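Across the two complexes that follow, chain A remains constant while its partner is chain B and subsequently chain C.
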Partner chain A sequence: MRSEIEISEKQPSAEVVLRLRGITKVFGSLVANDDISLELKSGEVLALLGENGAGKTTLMNIIFGHYVADSGSIEVFGSSIQQGSPHVAIELGIGMVHQHFTLADNLSVLDNVMLGTEPLWSLYSNRRAGRQKLEQLGERFGLQVNPNERVAELSIGERQRVEILKALYRNAQILILDEPTAVLTPQETETFFETLKKLVSGGLSLIFISHKMQEVLAISDRVAVLRDGRLVSELKTAGASETELAQAMVGRNIELPERKALKAGEPVLKLKSVTVRAEDGRSALSSLSLDIRAREIVGIAGVSGNGQTTVADLISGLVEPQSGTLELHGEVVNNFTPRNMLRKKVGRIPEDRHSQGVIGDMTLAENIVSESYQEPQFSSYGWQNHLNRQRFAENVVSKFDVRGYSANSPVRLLSGGNMQKLILGRVLSGNPQLILANQPGRGLDVGAVAYVHEQLLAARANGAAILLISEDLEELLKISDRIAVIHRGRLSESFPRESISIAQLGLLMTGQQKTPTTNNQSTEADAS
Partner chain B sequence: METSFAWLEIFLNASFWVAAVRIATPLIFGTLGEVICERAGVLNLGIEGIMTFGAMAGWMAVYQGAGLWTGLLFAAACGGTFGLLHAMLTVPLGLSQHVTGIGITLLATSLSSYVYRLILPEVNSPPRIQAFEPLEIPGLSSIPLIGEALFKQTPLTYFAFISVIVVAYVLYRTPVGLAVQMVGENPAAAEAQGLNVTLIRTGAVVCGSAFMAVGGAFLTMSAFNAFFFNMINGRGWICIALVVFASWRPGKALLGALLFAAFDAYQMRLQQLLGAEIPYQIFLMMPYVLSILALIVMSRRVGYPQALMIPYRKGER
Partner chain C sequence: MRLEPRTRVPFALVIFAPVAAIVASFVLCAGLVAWSGASIFEAYGLLLKGALGSGFALSETFARATPLIFTGLAAAVAFKSRFWNIGAEGQLYAGALIITVLGTGMLDLHPGLMIPILVITSAVAGALMLLGPVLLKIHFGVDEVVTTLLLNFIVLLLVSLLLEGPLKDPMGLGWPQAEPVTEAAELPRLFRGLRLHSGLLLALLFSLIIWIVSIRTTLGYEMRAVGFNQKAARFAGMPVKSVMIKTALISGGIAGIAGFSEVAGMKGNLTLDLSPGFGYTGIVVAMLAQLHPLGVIISAAFVASIFVGADAMSRSAGVPSYIADVMVSVSLLCMLVSVLLVRFRIRWS
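Right after this comes the complex of A and B.
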């Protein structure tokens, strides 16, 4: 069937493998996709760029059959498909790597891959053949994973490989990758791009969803930009510029915040050879020392899982050190509870907004006062003061530009960026003297990241000490005054931002180098 | 000195082992059924009622003239029907599995009594039926202790052991078993692989409930030969605990059921031995206390099905 179409086309290589016509999808009052028409040609990488909530994932979910479009049609290899069934999509050669991986942690890699590939009622599952096919695919595309390993034991990068293998195992010709790099470290991202190149040379056509412009420019052939559910721009990647794309994506000019030199003040946080045992799935910290002064942002770089979470938990009061001391304003902290840390003016922006930052089913207002509801202005004699809470919440919502919903809507309806703004508002309205910002820009679009950085820099100018934990080196280099690297629970000394490069940080992150050499320090620093 | 070792001599008596295996049989069926439901992500607290109804239905069918195996099949079908009701409410409608399950138990238990009274309005003591007879396996049954315990039972006990093997095989070695595991672990993943989550969950609950009903039917068709009110007497709830004890594995479910049954058989014999000195309620309590202790030890590190009790709604954001 496909070959017939190829013959009729003038250029066989430019065969259209997927065609969307006028796709529209409405959720309640939100128009997620508004009359989108799009084509994917054979062997190309089409990047779908857009801010959070622009409708990228919705569109892809419609193609893959998770949703049914309210209107519009989809053609795969020239024949239109019945929507609303992943089964049909898979049969036609569409594979999807979901942003939140669809893997069962307690089952093996092979189980996850083979699920649904055999007739449901066969009395026997040919696991040997399955394992062989999986290993061959892994070899061919450089996606080696142990088929017998439980998914729970795999790293994030390996899990993503399993997601891709799942699609390849079903002979996918069109692969949709939904924000594949959002969860990857810089190193993993590089390997991942190699994989994508192998997939394309292996004959696949890819749709790559992202909101990171550098990645889009690096990997795609063509870019389609979505904004507010509409397709606003479609252009060839060659010749496109970052600013051009950013403008199309956001629809306005974004001013990137700038870090101004400030004189750091008194030390706010002092960690003296703090050791924490590995427990409850946390990695250990060994003899960690760090000072952060007022009006200073100290960044901690590192590959995920090297102890960052433990540092964050320590400063949030969720874990107690086995030895060493933590001082705030020269006072040793003995009582490691979240409440005590709050009382000592520590503000926390947690790594995982959904599970640690907010309570999804409670309202914006309730979430805004969730750290301060015991204060006299919000409660007295055991009664809540709704009026004050409401007033305060509305003030935070408007001041921190939380958009889309009223103070009485449940928080889970907010997009990632707006949720982060709400958390920022909660933290900053408490005037914290130490702010723990754990991956504050993760999963946010350009505009929201710029806003978060701007607010953190403003807090710094107001005298706060900020600990920024991030896996995004560009983020660290953009706003930190000093950067230290964590590797296997050990923290390097901290280096002034001006004297360290991405390359040096990369080496430290893999534990290869103790201190950066001083001879080539100026090159990278000047570049930004 | 003579009496001081009597509590040990119980273990040398073949009748103890025979009783243990017999007591274990309904628990094996019930636990197996619950494992199937929970592996698919649906807690089925209807088990107590479904076992009761199974006990009544199988027995009543035979009393009305049906063959023993037909009666058993009828009991299984009744169980499956209650399972279908439970699944309809909890899977596509996504209602609370706790509340629905308790509702099913109350409904099925009351319906059992109602149907019983409807068909036999003027009977004082429930009539007995010609039940399953013990079936000796030639050769194997002459092995001391084990032979008598394992190979001189009624066909339903053999059926229970075979069911464990079949369920384990299906769960771990066939595509449909993998699908059941997957909808209990991550329904979104199952759907992304093109499977129908609602259908698989419903099927698993129906099948699991049929097993529960067979467990109940064992009591009336193979043990007591008549139906009494309250005869399930918490066995369903024990199965719920045994599932956790077994970490949702059919093989360990068999082990757990046998262990619990052995405690139960043992305490009955201890009662006879020491009943004069110690109130018998202490002994009645023993298996339950031990099962709580075993749960504390065993369930600390179990990996329960991750989507257990979480309704799945397609296309929800």
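Right after this comes the complex of A and C.
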């Protein structure tokens, strides 16, 4: 007996723990998964790479029993399983950490972990045994969390640990992690990768879902690439290159736009110790100062919820500061309304396309003029000039390559990328001198992101000043000239892109370091 | 069972769905008719005949539809911008009240001048009824459903007070009713001997105007934008608050004209039973029409014909006329289901 166990531990790669055969799933006219066959071997990290909408999450939801595949079968540890029941999946040792956490904020860590593991009608809850098991697991895998703490009090990284512990507590052997790093800072990501290594050496097999190629290269043993619901490539991570993976993921060559050095011009936007009170669930800004010059992109990095939305609302004219001033071209702005900001040639690309950027039930044309419908070319004596609107809209649609629908179709039918192109078209056709781009690449595929970046860089070359707010460090580093970090409503000074590293940004994002080395400050002084 | 959004909606389905909804509601109500002891086909035949079967029936139906077009339009305009005006009943009485004050002798003008003035004043009275609720909503977030609904009772009690006091008709044999409006203030009948009056033409005209405003004007554009997505409208720099106020004033104004039309065209004087709930039925009319200004005409005619037809049916077949309320409600539910099924398809899995 003993020797058998040792043998199986020595050759983990031989055993297939999870096997998918011909999984197909169709939603309406969308083929989310098309005949996917895949194997997960014991003790390996399999990365599932693909763009938004490639079918990664659908596939994992089928494995975990949230969906039933239209055809195909799943085998776990050699025996095929009945689909459509998370219960069965959990009993067989499959655990899933969802992209959006499934924790009850008002319960303690222990309660969250134990929830659902005990019989419903049992009067007695064995909390002591539960606590013991949780602590043991935490120690074994380096996932320390205080079992008594309420989940609401935990940081995002800690919550993720609780999610993993939840799966381990249910004796998961196969762990599915859906975009686990999306919410983490660079430092938290590193710690998280350490955890994954411990899990693997502890005998677990992992499926790591991601669309970030660098992470996939860093952590996985094998990569499976999904595109449009099909498995297009399966390869060993060792020896794979980023370009190779990117091409497999996108299926064509993407020309990534390049930021060329430009000499920045006059200051366009000046924020001088702007303070905004917190209200309506909005985070506060305290004494925020920032200058942006013409032909310059300034990025604001930060973990979500540290005041980025408030900065965006301020520039958009949705909130006004309690103290401090906002100057545009040297003139102090006193009237904080969207209309006044538009009048002052501020273009705004909002964070949430669907709820703020467009009116889904109105047509492309109506949305394209939604910021300019009052101008004389569209409105005279209270009547809307349909002909001019139509002509203008068709021009924007073709110039900004909005595809799929005519100018008279409702906007809600557009894909995310085309919706963003429409918003870009609306913003840029107003010839803005300051552009606020809030998460412009979020949720878009690689091609659309490249397009958005290209347009922003073109606007920069034309003399616009651009404020880029993003939670994606790669995006920030790709097109920003300077980067500042926001943490708890305070903005760090800005650093030239060339003199700041991801690690430094990460530290600033968690508020651990007030200023990087003096070396950087002097280079910034040189640059300005 | 799941609902899946349709990616393409066939045009035939859009036309077919409301018809199917009406047919379904008749089928569903057949049980009630049978329960009351009448033959289903005979009863429905009487209903149809009573509503549409003669010149008199048609006149009655459209006379009944006239106030419903106004109140339905009032609800449609407001609801389209997500302003929930439940107070058309009160606005109707406010309009009726003001023209009773002006039209029973205070103003003595040529009809060509008198009628436009009364239309405008009744609209102003109705609009003013909504000014309070809309300002409270905008500035303090007070729910307009509560304020507009409660104002209905306040106005009705005010009318009651005035009809028992200063406005009481001395020739009214003690009934709580106002003096009849003067001849110059009367809306002319459309056909000799029938009650159908030119208020209907006014109602049709307003439906047309509202439709054109909605699709062609800058205000209409803003109203639709605010209704569909207020957050995005605000972000785009639209004057959301002023659009809300304008919407409320238009909605209240149209409901006020319904009061004028009923007094000057139908009843001749203001009584406490001027409106058997036209304001509330208007909401049903608007929903049946899916808030379309021209659709309101058709749905008002439909609802009116059910009410008028059911009266006839109850007289001849002994089916209680309350069946009309059931049928209108059932048809509304069927219509809502059909709207859902136009946008989504059912998947059995």
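In this section, the second predicted complex is superposed on the first by the 328 of 528 C-alpha atoms of A that agree within 3 Å, B and C clash if a C-alpha of one lies under 4 Å from a C-alpha of the other, contacts with A are read in each partner's own complex, and residues count from 1 in each chain.
The criterion applied here is as follows: a residue touches a chain if its C-beta (ideal position, glycine included) is under 8 Å from a C-beta of that chain, and two chains touch if they have at least 3 such contacts.
Model, not experiment: these values are computed from the prediction.
When the two complexes are overlaid on their common chain A, residue A:Gln356 makes contact with chain C while staying clear of chain B.
Once the two complexes are laid over each other on the shared chain, residue contacts for A:Ile90 go to chain B alone; chain C is not touched. Contacts of A:Leu103 after superposition on the shared chain: chain B is touched, whereas chain C is not. Touch criterion met: A:Leu115 reaches chain B, while chain C stays clear of it. In the superposition on chain A, A:Asn334 makes contact with neither chain B nor chain C. When the two complexes are overlaid on their common chain A, residue A:Gly382 makes contact with chain C while staying clear of chain B.
With both structures placed on the common chain, the touch criterion links A:Phe27 to chain B and to chain C. Residues 27, 68 of chain A lie at the contact with chain B in one complex and at the contact with chain C in the other.
Residues 173-176, 178-179, 181-182, 185-186, 188-196, 303, 305-306, 314-315, 317 of chain B touch chain A in their complex.
Those residues of chain A lying in contact with chain B across their complex are 27, 61, 64, 66-68, 85-91, 96, 98, 100, 102-107, 111-112, 114-125, 166.
Here chain C touches chain A in the complex through residues 4-5, 7, 216-221, 224-225, 228-229, 231-239, 349, going by the rule given at the top. By the touch criterion given at the top, residues 27-29, 68, 316-318, 337-339, 341-342, 348, 350, 355-362, 366, 370-371, 373-374, 379, 382-384, 386 of chain A touch chain C in their complex.
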